[in-house]
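You will see chain A twice below: alongside chain B first, and alongside chain C after that.
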Partner chain A sequence: MLIDKKVTKKIAFLARIGLTEKEAEDFSKDLSNILKWMEDLKKIDVKNVDPLRNINDIELLEREDIDFSKNSDQRKLLANAPKKNGNFFTVPKVIE
Partner chain B sequence: MNELLKLSLVETVKLIKSKKVSAKEIIETYINRLEDTEKYNMLSEKNYDEALELANKIDSKKPEDFRPLEGIPIAVKDIFCTVGNKTTASSKILNNFFAPYESTVTKNLKNAGAIVICKTNMDEFAMGSASDTCIKGEVINPWTDDFSKPLTPGGSSGGSAAVVAISGACFSLGTDTGGSIRQPASFCGNVGLKPTYGRCSRYGIIAFASSLDQAGPISKTVEDAAYALTYMASWDKNDSTSVNIKMPDLLKNIKEGIKGLKVGVPKEYIIDGMSDEIQKLLENGRTWLKDQGAEVIDISLPHTKVALPCYYIIAPAEASANLARYDGVKFGYRAEGPFKDLNDMYCKTRGEGFGKEVKRRLLIGTYVLSSGYYDAYYIHAQKVRRKIAEDFNSAFKDVDVILSPTAPSDAFVLGEKKEDPINMYLNDVFTVPSSLAGLPAISIPAGLSKNNKPLGLQLISNKFTEDTLLKTAFALEEAASFTHRPNLEK
Partner chain C sequence: MSDTRPYKITGKTGSWEIVIGLEVHAQVSSKLKLFSNGAASFGSNENENLDLLDIGLPGTLPTINSFVIDQAIKSGLALNAKVNNFSIFDRKNYFYPDLPLGYQISQYKEPIISDGYIDIDINENDSKRIRIERLHLEQDAGKSIHDQSPEDSFIDFNRAGVALMEIVSHPDLSDWDEAGDYVTKLRNILRFANTCDGNMQEGSLRCDANVSVRKPNNALGTRCEIKNLNSIKNLMKAIEFEANRQVSLLESGETIAQETRLFDANSGKTRTMRSKEEAHDYRYFPDPDLLPLKIEEDRIHQISKTLPELPAQLKERLKSQYNLGSYDARVISAELETAKYFEDLSEGRDPKQAANWIISNLFGKLNEIDKSISESPISSKKLGKLLDLVNDGTISNKIAKEVFEEMFMSSKEAKEIIEEKGLKQISNEDDIEKLVDKIILENETQVNQFKEGNTKVMGWFVGQVMKLTKGQANPGIVNKIILKKLNN
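Presenting the complex of A and B:
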């Protein structure tokens, strides 16, 4: 297998996705199969080919930042927060 | 079936304008239809009260003040942010999300007078080809005969395709990253149009793979698709990849015919193990286009075979970046504590909040972007993507349009491919290459399989030539004259 359980768990932590043991096992198999299936790609000669990042080759637009400092805007943004306190999002304690 | 439900979008627009039927009657008729067809599990949200209120307002207006889509009921895939309704992308992690702003596409349509009657179920975060990963359960294809073996409507825009198949809206909105409009349209007997990348703003569409995602209409007819896209598309400064190129008039020349037009059939699209009925379908497509005066020639798109693996590196890589925002802090689901630390909260929240296919793709995406693999997978795939795009560029020196099947089969039984991701990914074999190249493409219902289920043909044209695409699609639609509808009396 290209990807064993240890690697899967490592990737899952990079992606911040908690997995059960069973999931880690199943995904190791899936990922190995999928990566094996992708091997054909390596046969394509891409010497001197630029990576394609923007299909329309246009300059990306920029826009002004939106100011959300008003109280009413903040209420709107906080409305979907799973946990909040006053005008703040709350998270578990970060600093020991 | 109520006569109103048999009308196309373009016919309904005319009827509302004539005032022979009130907008209220139209909306009520469609609501009744949706209520009668709940067993197909198409809807994530009903917007009936607001729809009726808006219809009442329209009925007090003078017809000369009517906008182009005045009073037209539309169904919206639950990936478009709409103010006032939940927007969930069919995911647990967004199950209680109320978007604070409106997507540009739905805003454009509402400004043109359209009425959102419902939002539709889809594969979670648009990652799927069967609409079997929705938080609200599988969507069932209205063409199903045997409910002990329900068929998939395709995916990811399966709810939107199913709603049009049962005439639950005049047209619906889908999004297409690797085929998510075209394949469900094919499975449900509808027209599904993916415009050129950059035509419709992505602002307010929950992102999956930003370099590929495009919105488009699913409709009963080609003319309806042209009409709908006309009012969906716009140049939008809120989407940095939105393109400021004027849309050609999509309706003006749609019926002018295709005499002298050159159509290419790529030999690489005749794949190993392709069923007889799909080969026959393609053969019919060739004949129909020839009979309409087009010249049909064989072409080659040499990198077709690697398009799928290329896509399954690029799309998950972009997804893993886009979906990093679901952290259980600012919006969406958060797992129950207590947590050891912040990372514990992230891992539990995302582990519980995302479904299996989404996790699978986020893991692939994270892997191909991780240190040591970035060049070998991700950058390599972006280079292969250029080769794929160049294949099309050279083909379009010789032809105006490309013809292929939309999908390798008719609608399959739900659950059949669920545990076999690669087999599921193969559904997109004909739709992914044009997505990678950012090209406009359309699926047109063109025949029935031996199981009496719809099969679609796909047309692809060069960038920003939706007019040529739709003109050819119109000719093909006329020749195929697909008039079958699903029998719902089961």
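Presenting the complex of A and C:
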């Protein structure tokens, strides 16, 4: 197996996803199969092919740097916060 | 180019070489953030400069700020670097409350700028080239405040999404002085180019330093990264401490652990930052919300035409246009404000005199009160008026220094102070002659000494006149008259 349970658990931890032992096992198999398929793809000769970055033939759009006198309504944005205090969003204490 | 500075650390086992690479985060001067319509200004109320994207609300998409791209190109050109026609934005993934999206948009493998350099001065004649590996664009994170409540951390997202340029040097720096010089120079170049205001107090420029030590010509040692250095002074202190710490560990037979450290400005020491487990696995990948950034040669060319004079060019111009010596030119060109002050002051005046007053008098006083030239209580215009009074003979240079001290404290005009205190120079020859006559009459001993060939006594006579006039007599005229009278 290309990806064992330990690796799967690490990936899950980094993505903050909780897995049961059974799920960890199943996903290890799935992920290994995906990687194996990638290995197969690697065998194709793409020496003369440019990498495709996006399927659409469009260019990156740019935004103008214009002075806005006011941004989005602060109260409305804070209203959606799960927890707040005054003008601050608050979260359970993070200790460095 | 040469690398002639001696090794800074000699331990029990001999000399050690220090290897330093710096990552500088410079906030791009722009009105809006990198990918949103949030304002990029400093000093607003908390959570005021927010766009929906900045707090990661669903359904929002990034659109890149055109001016920020121009600013990065301009910075790249100012750093003698290559502007890449093709670059990619990637997601750097990690979880932290001040990063609502769970990733920072940055550039990983294909940055907008690569391969630049800065030459730092080693001494009057020698410089050393510090290579810049890359400059890339990325978003700043929000700010967490931990001391407002025992249970919660407070978050201010004003900074979230503001455009930063991360400027990464090669490990070409060999001691803390060089590191300080490099950041000073980099900051200046960006400020001259007007792409970053360089304000370190406000966090517009922050440094991370990678430090390792080795015996000369040996393989590279294990490095430690010191994070978030917010002043050049702290950067230098932190590197000095860290390099010495590593040397003493190695000399006592221990090993260096590769880790991230924090500098405590109060103790002057670096300490281990509790490492977030596996946090360094950022799993970069190209951001699917953003297409590759393509930059046409024509755009680069247009921007290169707007590039203002940079510190190195200014230094040369100061030498050729104003005839300043190397030292003066270097000091005057070191800060944008100093150069501007100098050019204002020297207009219609002797540039050498202007440079002298700035370097020996103004800087001295500013240092005493720990202020920069832009905060000087004496403007270039005011100082100019003082110099004019010296040059037209109203006051002597010596009195001018007294008036200058007074101006510095009181914010009054030179003329006011001179009138108030009656400091005007006495240039009237008749008045001075009368004084000299009196002194000669009353001091036969000294007159005889002079006549016997002791010319040193001349200074004593000048001193007497100055004493009687409280230093206000025109020294040139005093000298002339004393000589004339004594030789009679």
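We take it that the second predicted complex is superposed on the first by the 77 of 96 C-alpha atoms of A that agree within 3 Å, B and C clash if a C-alpha of one lies under 4 Å from a C-alpha of the other, contacts with A are read in each partner's own complex, and residues count from 1 in each chain.
Everything below uses one rule, namely that a contact is a pair of C-beta atoms (placed from the backbone, for glycine too) under 8 Å apart; a residue touches a chain by one contact, two chains touch by 3 or more.
From a predicted model like this one, the values you see are computed outputs, not experimental measurements.
In the overlay built on the shared chain, the residue A:38 is in contact with chain B alone; chain C does not reach it. In the overlay built on the shared chain, the residue A:88 is in contact with chain C alone; chain B does not reach it. By the touch criterion stated above, A:30 is placed in contact with chain B alone, chain C being left untouched.
In the superposition on chain A, A:67 makes contact with chain C only, while chain B stays out of contact range. Contact with chain B, but none with chain C, is seen for A:49 once the two complexes are overlaid on the shared chain.
When the two complexes are overlaid on their common chain A, residue A:58 makes contact with chain B and with chain C alike.
After overlaying the two complexes on the shared chain, residue contacts for A:21 are found with neither chain B nor chain C. When the two complexes are overlaid, the chain among chain B and chain C that reaches more residues of chain A is B. Across the superposed pair, chain B and chain C both touch chain A at residues 13-14, 16, 53-54, 58, 60-63, 77, 80, 83, 89, 91-94.
Across the complex, chain A is touched by residues 96-98, 100, 197-198, 211, 237-243, 303, 305-306, 309-310, 312-313, 320, 324, 327-334, 337-339, 341-348, 350-352, 354, 359-360, 362-367, 370, 376-377, 379-387, 389, 421-422, 437-438, 463 of chain B.
Of all residues in chain C, only 30-32, 35, 37-39, 45-52, 55, 57, 63-69, 88, 93, 95-97, 144-146, 148-157, 273-274, 278, 281, 283, 286, 290-294 touch chain A in the complex they form.
Against chain C, the residues of chain A that register as touching in their complex are 10, 13-14, 16, 53-54, 58-68, 71-72, 74, 77-78, 80, 83, 85-96.
Against chain B, the residues of chain A that register as touching in their complex are 3, 8, 11-19, 23, 27, 30-31, 33-35, 37-38, 40-42, 44, 46, 49-56, 58, 60-63, 76-77, 79-83, 89, 91-94.
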